[in-house]
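See structure below.
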Amino acid sequence: MVVAALCLALGAQAALDTAAPRATAIVVDKLLTANAQDEVHAPGMIVLQDGKISYVGAPRELADDVEVVRLEGWAAPGFVDLHTHIHSGGFGDVNDMVHSLNPELRAGSALRPGNRLIEIAVAGGVTTLFGIPGSGTNISGFGVLYKAKPQDGYVGSVVADPGGMKVAQDSNPQGRAGDFAFGNNRASMGWQIEDVCDRALGATREGRLDPALQNLQRVMSGELPVIIHTAGSEGVINTARMWKTKYDTRCCISHGSFDGWKVAPAIAALDVPVNHGPRTMDFYSSRNGRINGSAAEFVAAGVPTFSLNTDSSVMPEEEFFLQASMSARLGADPYQMLRALTIHPAQTFGIDDRVGSLEVGKDADVVVFSGDPIDPRTRVLRVWVDGDVQYEFERGRQRF
Amino acid sequence: MTLTTLLLAALPLTAAQPTTPDLLAIKVGKAETIDQGTLEHAVILIEDGKIVMIGEDLPIERGIPVLDRDPEWTVMPGLVNAYSRGPLDSRGGNDSTPGLRASGELYIGEDFYGDVLELGVTTLGLYPAGNGIPGRAVAIRTKADTAEGLILRDDAYLKIRMRSSGSDKKMLKKGFEDADGWIEKEAKAREKWEKEQEKAKKSKKGKKDDEKEEDKSVAVPVEPSLDDEESGDYVAPEKDPAAEAFLQLRAHELSALVAIGQSSDYLHLIDAIGAEEFDWDLRIPITTELDIFNVKREIGLRACRVVMEPQLSQHPNTLRLRNLPMELAESGAKLVLIPRDDSVVGHEAWLRNTGEMVGYGLDRDAALRALTLEPAELLKVADRLGSLTVGKDANMIFFEGDPLEPGTRVEAVMLEGEFVTGEVKL
Amino acid sequence: MRFSNTIGAAFAAVALFAATPAAKAALLSPQDEESSDESGEEGFGEDDGPETHYFAVRGADVYTGTGEVLRGATVLAKNGRIKAIGYDVEIPGLDFQADVPSKERGYTAEVLDAAGYRVYPGMVAIESSGLLGTGGDYRDSIDPFDQNMILGLSTGITSTGQSNAACKLKRYISQDPPVPYDFDGIVLRDDCYANFSWGSGSARRSVREKLVRASEYLREYRQWQIDVKNDKELKEPSKKGVDNSVLDVLQGNVLAKFRADSREDLLGIARIAQEFGFRPAIDGCREGWTVAAELGRAGAFAIVTPRERRDKSEMLVREGGSSIENAAILYAAGVQVAIKPASRGISLGGITGRDIMHLPVEVGFAIRGGLPEDAAIAAVTTVPARMMGVSHRVGTLEVGKDCDLIVTDGDLLHYQTFVQWTVIDGQVVYDKQDELYFAHIRPRAETEVAPLRRLDAGENEEAAEEGDSEADGDDDKDKQNGKDEEE
């Protein structure tokens, strides 16, 4: 079996180097679809064609010209991380600390698709990332939604630029939101943000496109999502009130750390998605003597679309899966946590028609693991992004 | 009991004029005696500053001036704060200076004494400043004309600080080593002296020899008589103050008050003490999160005194409240309560705070005892104060209600038979 | 917790421990223990008195760390030392069949029923920080009530390297009458290593000079030992200029410990070790995978952090930088590998999975890089014990060794597994349900092990146990699981 897999792998590589075959069928021991029914096929087969998935299910007879890749392991959808800062290859190019509101800033211009951090990220099974500016300012700017395709360039990688807006409301920007910032506390930060949002809404009402606010106008109209850095119970609830109740945007609470989970029922009632991390545990803020797994609490409270993040490089991007395993350790359901790495973040950003699960018609972003995808002992064997192999264990083994 | 009958008309008493009669009977609704429980309709007879009689519904001989406040007043012994630096302002270091006495710092001009006396604090235990082994505490009354007059007892206790650290443990061990060193030195000196005596005896045979034997065994240091070397009495080597304190500890002439900060400090204390035997009590400051409950059973079994503030704390890392003074008292420790804050304001809140602890479950009798008799025991002055007992100083506070209820007013304070505050009319 | 306690009068006291004898037993040398062991083999009782304390954990799958797995077996300890491991082990103090306390006997016994659980040797953290308090002089500064110690025990760590010593995570156990905390009992061994600096040219020269002088002295001394038989007057060779710790290294009494990561440094250490015939312990060893064979030949020990990631300098053409496969490659080359996490202390700030509390996670990353599971467990048990020279006491579950063990609700290296009980010297010092930290997470059922909802439910164990690549029939179960979720 091992030998066979190896031969096939080499074959696949050779094929990659020359001309892409009409279709590739991946046969694995177990296939986690992360679809609405959370279907599992063991063994399972997935067929990739023209960068899309054309079949998911039990292994079946195939046409002769279909290349078959047999791997000992489990297949799962490529992971989707909505809160990352590795697009530029490091922690540079992250914050513009001059203005407290930067609705014109776009992180996409700093994207380096082949950088080392992205290369390692693929080796950890991460295939879709939302690369965003840092949280040093209130409106941090617009992020780039891209695929991890180190062998490709900007055009091949980018899904949407801008892919959404980044706002920072609590903790980080407090007291240091730009050189010209007059807002040092929560109230004035709220005031500044609402002021610029109201101006954007005003421009839209007047039927004009303000060059400085045009992207923000798209957020206010619901065309683009917004991800909001916020933490602590009071921060989380304020964020939800502003961006959901007041402006009804496609907002998503990011971080929600410390005792943010304590307002999870209210967040669930407002139907606001939560993108949790890099802190997934709280001990000091909750003061109940427990080591609280906050992911478990958010899910238990009924937050509809709960996803995880790394805030890379706060957590290394390649260890994205560990956010799921550690959350499962601290009380969350492991299947839910796998969804928190895949379909839930995709739904949060409205890209679940393309990524997040293994279903026919979706992008061929497939990761084959040597076992349980969220077990640190498991290795990523191969990664396809848009049908192309972007990582192979045999070639990049030193990496991760 | 025979009493001299005095013919005295009812006369007004004020704090300004300490004209309390030498013989006075006081009738109150309730007396918290501490050592004999609560007396209803209590009569206390005071003569020359001492309590000479106390009981329920005692008949009062004609002619004795009577202050009748039955049933409005409740009386309890004057408060004893055994652990204070209120009127002292020196700073200490981290050294071992067990010979140092806090009494050396006393300054009569401080307002503090009068301020706390007005609140009913009739006795204070003042300790020397500093970490390590800063020295000896002094027990004082809170009113006198001179600094010396304040002193009730010097060497009330030796303060020792013990934390989970090598230096603190070494300091304690070294104290006993110094004591051992002195014993050794003394033994050598004696040996030398005995040899010399032997020599002298040989050269001057037949001289008186039997009489001195007993003296030698006691080894009482006497003034050296250098002019008469041959027949000189034995002179013990000079004790350094460090050795002296630890020799006194071993002889149970002095006791220690060891300040610890957490459970592990207690284990390190036991480790540092090793096989030494001496009397010690504990000072454990209540902090927001104190883990002392881990060793409460151990402390309780020792039945030592524990000096704490009447304050709740939180179970570590939680918001769960714990009443650690109560827990320690229930484990068997003898509770000594001190104000949360060593300022005058702190003393003002002291009774109220103690009442709060009673509200949170602390036994009321233990609480009252922790303000009076236990601290008096700690200061080694319980033979003369700390409870309403015949023969003890008439140190009393009179309240117009329950002393532990918030809002209860202090009507009068008596120190050694004198009303020192309050408008009192017989 | 299901403790059956013996000895009539004290039956109600669940935590009836006998620490003094345990501590005394711990001070005995292995030889002493062996002899007493043989005498006790026939039956229990002759030398047992009220001071004698038995502890048994029974019904669990016992992973001894020696390669053996005993399903549903019993581990019995007497006064803190393991007395028996196996089946049908008689537990003194309990009438074995009726499971009732035997009142005639004068000693105490505690039994932990752990059917459905697993027993492993307590982990030995090669390095940690803060588990024994903050002070350097742990004997005089240890806080045996400290949260970090409890969390270390919750991880399953029972011993740890601290400064240059090997220590146990001994908690204070309140007993009646109180027994003073055994401050000396925390130390398994002082001065485990001779620390050598290899950072600079002068440091390397100094190491070499010391080795030259010490080995010269050793040669002279050995010759003298022979010659002195003929010539009784012959003077012992001069020890002038000999570094005693270097001498200890050459005599194999302690390991020479280096801190090195680069290939050049590692090669230098491997060569000098072979030249002078000693075994080096190398902390870091990041590029060890590029020179594994050399390190293997030198008989090296390595302390690695599998998750450490550092790219090689772009100036270099050769292989270099970190590799997830470092531990596996070193192990395959014969290097003894110990694992330490990225952060040596306890971290409760919210980012989880990277500190000493997640030592098994770090071990998981070594397995990810190809290290076999048993070698991975050895990297946090037997190898560190060997490196610190305390493997006669800890690291495996064997008769005569300290009864330091952990009881887990599953595979020690699975991310959902929790340590349920930690036992040191035959005393339960951690019970998950008795501490606030993790009691709320999958609270332990009183009757049996609650089935855990796991992604790999069933398959990995079977595959591992039976050595088969396929485990059929999970298909339906997993589908079922998935469906349950949606409902």
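For clarity, chains are labelled A, B and C in written order, and residue numbers in each chain start from 1.
We take it that a residue touches a chain if its C-beta (ideal position, glycine included) is under 8 Å from a C-beta of that chain, and two chains touch if they have at least 3 such contacts.
This one's a predicted model, so the numbers in the text were calculated from it and none came from an experiment.
Q: Between the chains shown, work out who touches whom and classify the graph as line, ring, star, complete or other.
A: Contact pattern: complete, every chain touching every other.
Q: Chain pair with the most contact pairs?
A: So the chains sharing the most C-beta contacts are A-C.
Q: In terms of CA centres, which chain lies closest to the overall middle?
A: C
Q: Once you find the CA centre of chain A and the CA centre of chain B, what distance in Å lies between them?
A: The computed centroid separation for chain A versus chain B comes out at 68 Å.
Q: So what's the Cα centroid distance for chain A and chain C, whole Å?
A: 38
Q: Between chain B and chain C, what distance separates the C-alpha centroids? Give it in angstrom.
A: 52
Q: For chain A, write out the residues touching at least two other chains, lowest number first.
A: 283-284, 288-289
Q: Check each residue of chain C and list the ones that touch at least two other chains.
A: 436
Q: Which positions in chain B are in touch with at least two other chains?
A: In chain B, 316-318 touch at least two other chains.
Q: In their shared complex, at which residues does chain B touch chain C?
A: Interface residues on the chain B side: 164-166, 169-170, 262-264, 267-268, 270-271, 291, 294-295, 297-298, 301, 316-318.
Q: Which bits of chain C are touching chain A when the two form their complex?
A: Residue positions touching the partner: 307, 309, 311, 321-325, 348-353, 358, 361, 364-365, 367-369, 373, 413-416, 418, 436-442, 453-456, 459-460, 469-470, 474-475, 478-479, 481-483, 485-486.
Q: Quick check on the complex: what are the chain C residues that touch chain B?
A: Result: residues 133, 135, 137, 139-147, 172, 174, 176-178, 180-181, 183, 436 of chain C touch chain B.
Q: Across the complex, what residues on chain B touch chain A?
A: So the residues of chain B touching chain A come out as 315-320.
Q: Over in the complex, which chain A residues touch chain B? Could you list them?
A: Per the touch definition, chain A meets chain B at residues 283-284, 287-289.
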